[in-house]
Each structure stands twice: as C-alpha cells, then as structure tokens.
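Each of the next two complexes has chain A plus one other chain: chain B in the first, chain C in the second.
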Partner chain A sequence: MQQATLNQRKILTSVLAWLIGLMIFFPIFWTILTSFKTEADAIASPPMLFNFSWTTENYTEVLSRSNYFLHFMNSVIISVGSTILALIIAIPAAWSMAFSPTKRTKDVLLWMLSTKMLPPVGVLIPIYLLFREWGLLDTRTGLVIVLTLMNLPIVIWMLYTYFKEIPVDILEAARMDGASLKNEIIYVLTPMAVPGIASTMLLNVILAWNEAFWTLNLTAAKAAPLTAFIASYSSPEGLFYAKLSAASTMAIGPILIMGWFSQKQLVRGLTFGAVK
Partner chain B sequence: MATTHTQRTAKLMVSPSIILLLAWMIIPLGMTIYFSLLRYNLLSPGTESFTGLDNYKYFLTDPAFFAALSNTLVLVLGVLLITVIGGILLALLLDQPMFGQGIVRILVIAPFFVMPTVSALVWKNMFMNPVNGLFAWLAKLFGAQPFDFLAHAPLFSIILIVAWSWLPFATLILLTSLQSLDKDQMEAADMDGAGMLAKFFYITLPHMSRAITVVILIQTIFLLSIFAEILVTTNGGPGTESTNIAFLVYSLSLLQFDVGGGSAGGIVAVILANIVAIFLVRMVGKNLEA
Partner chain C sequence: MSSIHLKNVVKRFGEVEVIPPLDLEINDGEFVVFVGPSGCGKSTLLRVISGLEDATEGTIHIDDQEATSMPPGERGLAMVFQSYALYPHMSVRKNISFPLKMAGMDQNEINSRVNEAAKVLNLSDYIDRKPGQLSGGQRQRVAIGRCIVREPTAFLFDEPLSNLDAALRVNMRLEISELHKNLKTTMIYVTHDQVEAMTMADKIVVLRDGYIEQVGSPLDLYNKPDNKFVAGFIGSPKMNFFSGDVAAQYNADSIGIRPEHMDSSTESGKWSGVVKVAEHLGSDTFLHVVLDDLGAALVRVPGDMPVTTGDRVYATPRTNELHRFDAQGKTIKN
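Moving on, here comes the complex of A and B:
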C-alpha cells in the first residue's frame, strides 16, 4: 500500500521534473532544430516541429561564407591558450600555498580572489589604450593575455582546493624514504594532482570560451572568437534564423558537451570552496 | 618543519602570480583613476588637461547615470529574485527520487554553458521577435496581440534572458548544498510529525542559507557587469531604458571617446562591486579557517 503511493509520487515528480527540464532546455533544442530548417520553414507559422524538410545547407553556407572556421579556431586558441598559460603560472603558486602555507597564505588567497571581483569596465579604458599602443588590439595574443589574467584567481583557487586534499603524510613518507624534491613532485605529487588540474582546465576553458566582455571590446575581424562573431548576427542578418541557428549550434556544441562533464567542478570553481 | 630554504622556494613559486595580479590590478586601475581626473577625449588628442573631480560631477549628475544605476539595480535584483526562488524550488524538485534524474539535471544545467551572445540573440530573434518569434505565435494562438518585448519592455526582456542563463548555476549550487543535508534530521522531524512546510522552513532553508548567500553574492558580482546581452539585444535602448552602468561606461568611452567621463564611470562601477565583494570575501575567508 505504502509502496504504491511512493511509486505514484515518484511518477508525479518525474513528470513534473521532466516537464520543467524540457522547458528550460527548449531554447537550445529549438536552436538546434531550426539549424536544420530552410529559412522559409524557420519562420513558418504555425512553427514546424519535425514536419519540415531537413537540410544541412545552413551549415555548409555558414562555413563557406563567413570565415566561420577562423573564428572557431580563434575561440579554441584563445580559450585553450589562456588556460594553459594560467595553469603554468598558477600550479607553482597553488602548490606552495597548499603544502608550505605561511601565516599570510590566507590573506594572499583572499586578495587574489578579490582581484577577480574588479568589474572589467573599471579597467576597460587603460587596457584598450595600452593595447592600441602596443598593437595588441584585435590579436589573439592580446586576448590570451587578458583572459589569462582574468581567470588566474579562479585557477589558483581551484588548484589550491584540490591540492589541499592531497594527504601531506604521503609527502612526508616519501621525504623520509629519501625522495628528493624533484622525485617527490614527479612520482608522488603529480599522479595525485592530475585529476584536479584536469578539472580546473576543463572549467577554465569553458569560462574563457564564453567570455563576452573583453572578446567583444578588444577584437574586430581578425582575432574575433565565436562570441564576437555571433554578435555580428545582431545586425539584420540575425533575421536569417536558420543560419543564426547553425552558427549558434556550432558555437555552443563543443562547450555544452564539456560542460556536462564539469558540473561538480563548476560548484567548486565558482564558489571558491564556500559550498560543498 | 619548513626550512628557510623551502620557504624561499615557496615564495619564489607564489611570486609570479602575485606580481602579475598586482600589475593587472594596480596599473590599469591607477590609470583609470588618473584618467578620471582629466578632461580627455580621444577625438581631440593632445588637449588633455587636469580637471579635478569635474568628470565625477558630470557623471554623477548626468540623468543617464541615474537611469543606468536604477537599471543596474533592477537588473541585478530581478535576476536574483528569479534565479534564487526558482533555484530553490528546482533544487528541491531535483533532490526527489525520480526516473532519469541524470538526464533532467543535464537539461536544467545546459543554459549555463551557452555563450551570452548566442543566448541573447536566440531569445531576441526566435522567441521575442514580434513578427516571427514563438511568443508572438503563442499570443496570436490565444487571440492576443503580439508584444514587442525588446521595444516595450527592454529591461524586463533582458532580465528574462539573463535569468535563463543563471538559473542553472543557482540550481546546481543549491542542489549540492541540499544533498549534504543530514537525512537523520529529516527522519526525526518526520517521526515528530512535522509537516512539509515546517520541515522546509525549520530544517531545509536554514541548512541552505549559506549556499543561498553564496549564490547571491557571486551572481551579483557577475550581474553587475552584464554587457554582451545588452549589446546584442537593445544596445542600451530605447533611449537609456536598458543601459546599465557597465554599458554606459562602454558607450561613453568607446563610442563617444570621452576617456575622462568613462573612467569616472568605471571607478563608480568598481566602488559598487566592492561593496558586494567585501561581504563575499569575508564569507569565503571564514570558511577557509574551518
């Protein structure tokens, strides 16, 4: 008897949750669907759900017409490049703060965090003028530099929380056994640190891929990543729904898949360990 | 245990990060403060002159500033209201036993990974467009007039778009916190005959309060700087109806080339963000000791 009401309740929650889940996901679903329609079908009234003539011409057209591949590669280079650069700078810092903390480590960490809270408009003009001076406007190098510095605090924080979880006893045991610092890092620490580093990398690539303040303000045609390229569809060209959808689908596809793998890291990375 | 040698190594390892972040913060911020004290327009180079606090006086008495300030507050509060309440309800729902929980979670989380320009344009064109948008079709289906969202309720429309992007974040964090709730406590409350609402208000909500605060603080930091969504949907308009402070600073400095005025606005934005940041940093700091 009780089992029956429990089941009933489970079915009810499932239906409700699925309905809400599908509603939240609907704009993404609709974008993907529209990307396979002809422009005429895309604006048909009533809207066509599946009964349209499926086509991939939007993809071929977007790819052939607009240098889409260049912007896609810009996104890849900028997000991966800035992530790797940030990791190179952050790993030693996080490592030393996690394993040889001093009295000031906590203050340093919190100060680093506070730099992340500086609103970008507060430094927009100097960065813009300096970049103009140095010829870094509309270059991938310029964006890699900015995004590295912007995400460095998050990277250090995430790595710090991961490194903190590595048991120090193991390091001491290795030290007792006469392992040098070099061997300690290579054989003991690295294998335990790799998962944390990989998670940090994943989240940071996502954040950099979707960054849309600096990418919009510091690029024009050459170095524009997908965020800025898609923004160009806000012109009347955006009225070509099918093409907008195809360009959008390709822009969010890779990151959506990566994102689904990074749900846990997201909580850790964006709450700075304040929620567990 | 640490020897002076390892301590020196440790310092050496941290210093690149500190120096870089210090440079990234101090140099541009110092320049912004300096520019904010100049009469400086990129259209007439070489005529920079010191004007003291005049830029602040102009910026803070500009009607556009008041519009931008109130728009910023409405935008932040509106999105917070939707995402926090929606997030609590969704987290409670997703915490229940159900079929296909993993897939529902994926569906709910997805919008967070959509880049701002894409989400704004998809909503603007395919949903809110008064002629071809889905909302217009729905309105006509029920015999109502299609509503031109971005022309007549620009700020509200942007709130909707941004809330859609951030609802997953709030849900995910609140769900994480909910899952660490002590089940024994719930069972004990059940034994005592506590009702659903009593359990929610006396056990669940207090347990989540910390996570809710974190969600509010972190989202506020990001929401104060909303930019891309405004740029591609309304361009701050009509008039200044959907201009927030971030967008006002952008348009002053990069569209009107008023470096002095834009810088003063930037400093005002920094001060606003700092008010929130102080609380957030303090909360995180407390957790570090524990």
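Moving on, here comes the complex of A and C:
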C-alpha cells in the first residue's frame, strides 16, 4: 500500500521534472530547428515541426556575411580573460575571509552581493563616459575589465563558500606535521581547493559568455563577441528568423557543448553547501 | 628526555583572558590528562603547547629547550585531533607518510616506518584506501599512525574519542593506554570525560576557567580532592553534597560523601529517606533517595539488596570517607 503511493509519487515527480526540463529546452530546440528552415518556412503559420524542407543555406549565408571566427575568438578571450582576472582577485579575497574572518566579514560579503542588485543600466552612462575617456570602447581589454567587475561578487561568494568547507583542523594538522607554508599550499590546500575553483571558473565562463548588456553597449565591431553577432541579425531591415536562429545556434553551440561535458562539476558548484 | 615545562603562561584572545598565569610541569614519559568542563581552557592550553596558538605571556620549555616562539612543526610534538584531520585526498599510506616526507626522509626509510606503523595499528588491509572509505575507529588509528611514525618527543590528543560510539571508545581507550605503555613517550590528553581521565592518566590536571584546580594521580584526586569542584568533578557517579545543619555538625560549611561511601540498610542508620528510583545494574544498585531534611542523594548498595521505589532506606556515611569544605569550597584538612 505504502509502496504503491511511493511509486505513484515517484512517477508523478518524474513526469513533472521531464515537463519542466522540456519546457526549458524547447526554445533552444526550436531555435536549432528553425535554423534549418527557409525564411518562408520559419514564419509559416501554423508552425512547421519536421515537415519542412531542410536546408543549411542559413549557415553558409551567415558565415559568408559576417566574420564568425572573429566574434568567436572575442567571446573566448573576453570570457576566459575576465574569468582568470576575477579568480586572481577573488581567490585571495575569499581565502582571507574564509580563514581569518573578522566581525565585519559577513557584512562585506553582503555588501558585495548587493552590488549585483543594482540594474546595470544605472551605471551605463558613467562607465561609457569613462571608457570613452580612456579609449576602452570597443576593446577586448575594456570588456574583460567590465565583466570581471560584474561577476566578481558572485565569484568571491562561491569561492568563499567552498573555502569555508575546508576544515581548519586539516591545515593545522599539516602545520603540526612540519609542513612549511609552501608545502602546506602545494600538498594540502591546493588539492582540496581545486574542485571548488574549477566549478567557479566554469560557471563564470558561462556567465561571461552569455553576458549581453555590456558587450552590446560597449562594442561596435572590433571587440564584439558572439552576443553582438546574434544581435546583428535582428536588424530593423526585416526579420530573418532562420538566419537569426542559425547565428544563435552557432553562438550558443560552443558553450552548450562545454556545459554538457562539465555538468557534473557545475551541478556540484551550484548546489555546494546546500546538499551534502 | 621529553619533559615539558610551562612557566607563567598566559593566553588572551583580545580582552578575554582564557588562561590566567599558569605553571605546569610534565615529566618524561608521563601520561597527563587535562580534564574540565567545556570552556575551561583545556584545549586552548594544549594548542598553546603545540604552537598552534601563541602564548600571550610566559615561556614553554620542551626538553629543556626554549620553545615559546617555535613554529608547531619544529617542536617535535605530534597531535591527534578530535576530527582526526586526515588529508581527504590522500590514501592511508600517504597520510601516514606525510610528516616523514615533510622532514625530507629517505623513501625506503619512509616505507619501512609506514608499514611498521600500519602493522601495529592493524591498518595494513586499508593502506591504499582514502579516509572517506574508513570507519571512525579506523580513521582514528590512521591519525595515531601519522603521529607514531614521526617518533615525536610527545603526543598531544585533543578529545580524540568524542566522535566515536561508546563501545569503540572503550576499545580505543585501551589501545591508547597500551600504546603509551609500549612507546613510553610523554602524552598529553585533553578530555571532558572524567572516566577517560581516571582510567588512562598517570597524572590528572583539573582545570576550571583556565585555572588549575588540582594536579595529582587519579586516586589522589579521588581520595583527597583539594576543593569542592574537584570532589564533584572526579568520580562517577558524582559525590553527594549537603550544607546547613548537617554540615555544621561536622564543623564545615558543606560536606560531601560519595555514593559508594555510605553503608546502607533497610532497618536503621544515621540518615533515612525514601527511594525515588532504583537503578539495578546487577552487581550494584544505585538508589536515588530523598533523605529526610537533607534532600536528594545517590546511594550505591549491593546488587542483591531487595529494595524498590517507595521503600524506606537508611544510609550511614563512613566518617573517614567524608569530605568537609569551608565557605570558599576549599577542603578542610583533618
């Protein structure tokens, strides 16, 4: 009897989970599907699911019209660059807050997080003016800096929760065992901290890759990443759903593949501390 | 020689004085237990000796060598932590060999020492496992193994058994005592459990609020406590205390008598009372009695004495086992 209700509940939650999963995935699926349609099929009503004439001409068209490789490289440089810079700043910051906290540590963390609550558009004008002044508009360096600043609170916060989980006893045991600070870092700290740093890094690369507000507003042509590449297809001259979909698919493809391969790390990173 | 001398050691955290000026001598080969209620400063004192905390004032000598400002790794002390503090990413072998590797020892020597320690501690079958795959008792043994291989001048134990279940605790207690007998190395052991202190120690240091209340052998503390605190803390079950008229009869502010130091009878005796609860352990029975005019008391009677709840019993304290205390709680010597 009890077993039966338990099974029913299991089936119900599974069905629900699948429904939600499919709902989230549907827009991506539809984008990929649309990218293989002709422009006419793409806007056909009622929408065509599979019974359209498959074509890859959108991809050839998009590739010939814009410099996909340039945007792709910009995306890679900006997301990886801002992630590395953020980690260089965040690791010592999170480290000191986790291992030698003061009375104000919690407040500092909250204050950092509170900066994420400010709508970015609120600081667009001052940042734009500063960037113009310093000649950082439409440069990769500029974007690396701004994305580092934007994601730094989250990176510090994530690393802090990771480092908090490393028991101080273990570091003290290493000290008792005669490890010098260098050896303590090499043999004990780093191996225990690397999984946390790795998943923070992955998440930040994804956040930076997908960031569209600053990348669209501070770039024109030279430093424009894939987000700008997509946006260039939603032009006012007319709607080209199929080409827009092809561009989107090409833009999200790399990060989707990366996310797929690192999902175990990512899930661990996002639920760390909540699930033991 | 591995003696440890503390002279005028003070530890303050900001304004808070956790350990007021304290002197202590620990002799070569002694098994010393720091015991006291939680927050009494016993762990802090151990950490000051280990070097994990700096002494605010005073000096520490290890082997007649000034060690007050030496880093922990150079003091020649090995520590077993309450949480075991094993390196989670290393196998048992690597955990045990870590201090030797840090000391730059030759790999062959490391291997032979680690194998020897694993054999002594029954860890040979688990030598390639990670700590996460071991039980609590096995982890504790790995932590001890990591200490043994170094052949330290002294072992420090910080409540090492409090994470183990009761049965395992008794076993490990025995194992640590045997280890001490075999190695004859100085050991300092911190616990809040007075049974551990009584069963393992050569010398017990009773601490309260950072002050040393008494230092002595287990039986010294049991038979001749310096004050009411030590009298109440050492011995299980606890000593009974009475004050008021009954204490005045003995020219004291308060008196104490252990449950096992009263002669009991169902017919006559000095004090009389009604049994509230009788705990039958087989060999003994512990009676929770409400004594007329005196209040609650615990009396140990032989297991075959036929008493149950509600019965009237009589208890007579053995005068030579009775402890008298003055108004400050100090023992009044006869």
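Just so it is clear, the second predicted complex is superposed on the first by the 215 of 276 C-alpha atoms of A that agree within 3 Å, B and C clash if a C-alpha of one lies under 4 Å from a C-alpha of the other, contacts with A are read in each partner's own complex, and residues count from 1 in each chain.
Note that in this section a contact is a pair of C-beta atoms (placed from the backbone, for glycine too) under 8 Å apart; a residue touches a chain by one contact, two chains touch by 3 or more.
Being a predicted model, the structure only gives us computed values, none of them experimental.
Of the two partner chains, chain B is the only one touched by A:89; chain C is not.
By the touch criterion defined above, A:183 lies against chain C but remains apart from chain B after alignment on the C-alpha atoms of chain A.
When both complexes are overlaid on chain A, the residue A:192 reaches chain C alone and has no touch with chain B.
In the superposed model, A:152 lies in contact with chain B only, and not with chain C.
Once the two structures are overlaid, the count of chain A residues touched is higher for B than for its counterpart among chain B and chain C. Judged by the touch definition given at the top, the superposed model places A:173 against chain C, while chain B stays out of reach. In the superposition on chain A, contact of A:115 is made with chain B only, not with chain C. In the superposition on chain A, the residues of chain A contacted by chain B and by chain C do not overlap at all. Partner chain C is touched in their complex by these residues of chain A: 167, 169-170, 172-180, 183, 187-188, 191-192.
Of all the residues in chain B, the ones that touch chain A in their complex are 2, 6-7, 9-11, 13-14, 16-18, 20-21, 24-25, 27-29, 31-32, 35, 90, 93-94, 96-101, 103-119, 121-127, 132, 134, 137, 140-141, 164, 167-169, 172-173, 176-177, 180, 210-211, 214, 218, 221, 224-225, 227-228, 231-233, 245-246, 249-250, 253-254, 259, 262-263, 265-267, 269-270, 272-274, 276-277, 280-281, 283-285, 287-289.
Taken in their complex, chain C has these residues touching chain A: 50, 52, 71-74, 77-79, 81-83, 85-89, 98-99, 102-103, 146, 150. In the complex of the two chains, the chain A residues touching chain B come out as 10-11, 13-14, 16-18, 20-22, 24-25, 27-28, 30-31, 34, 43, 45-47, 89-90, 92-93, 95-97, 100, 102, 106, 108-110, 112-115, 117-130, 149, 152-153, 156, 181, 206, 209-210, 212-213, 216-217, 226-228, 230-231, 233-234, 238-239, 241, 244-245, 248, 251-252, 255-256, 258-260, 263, 266-267, 270-276.
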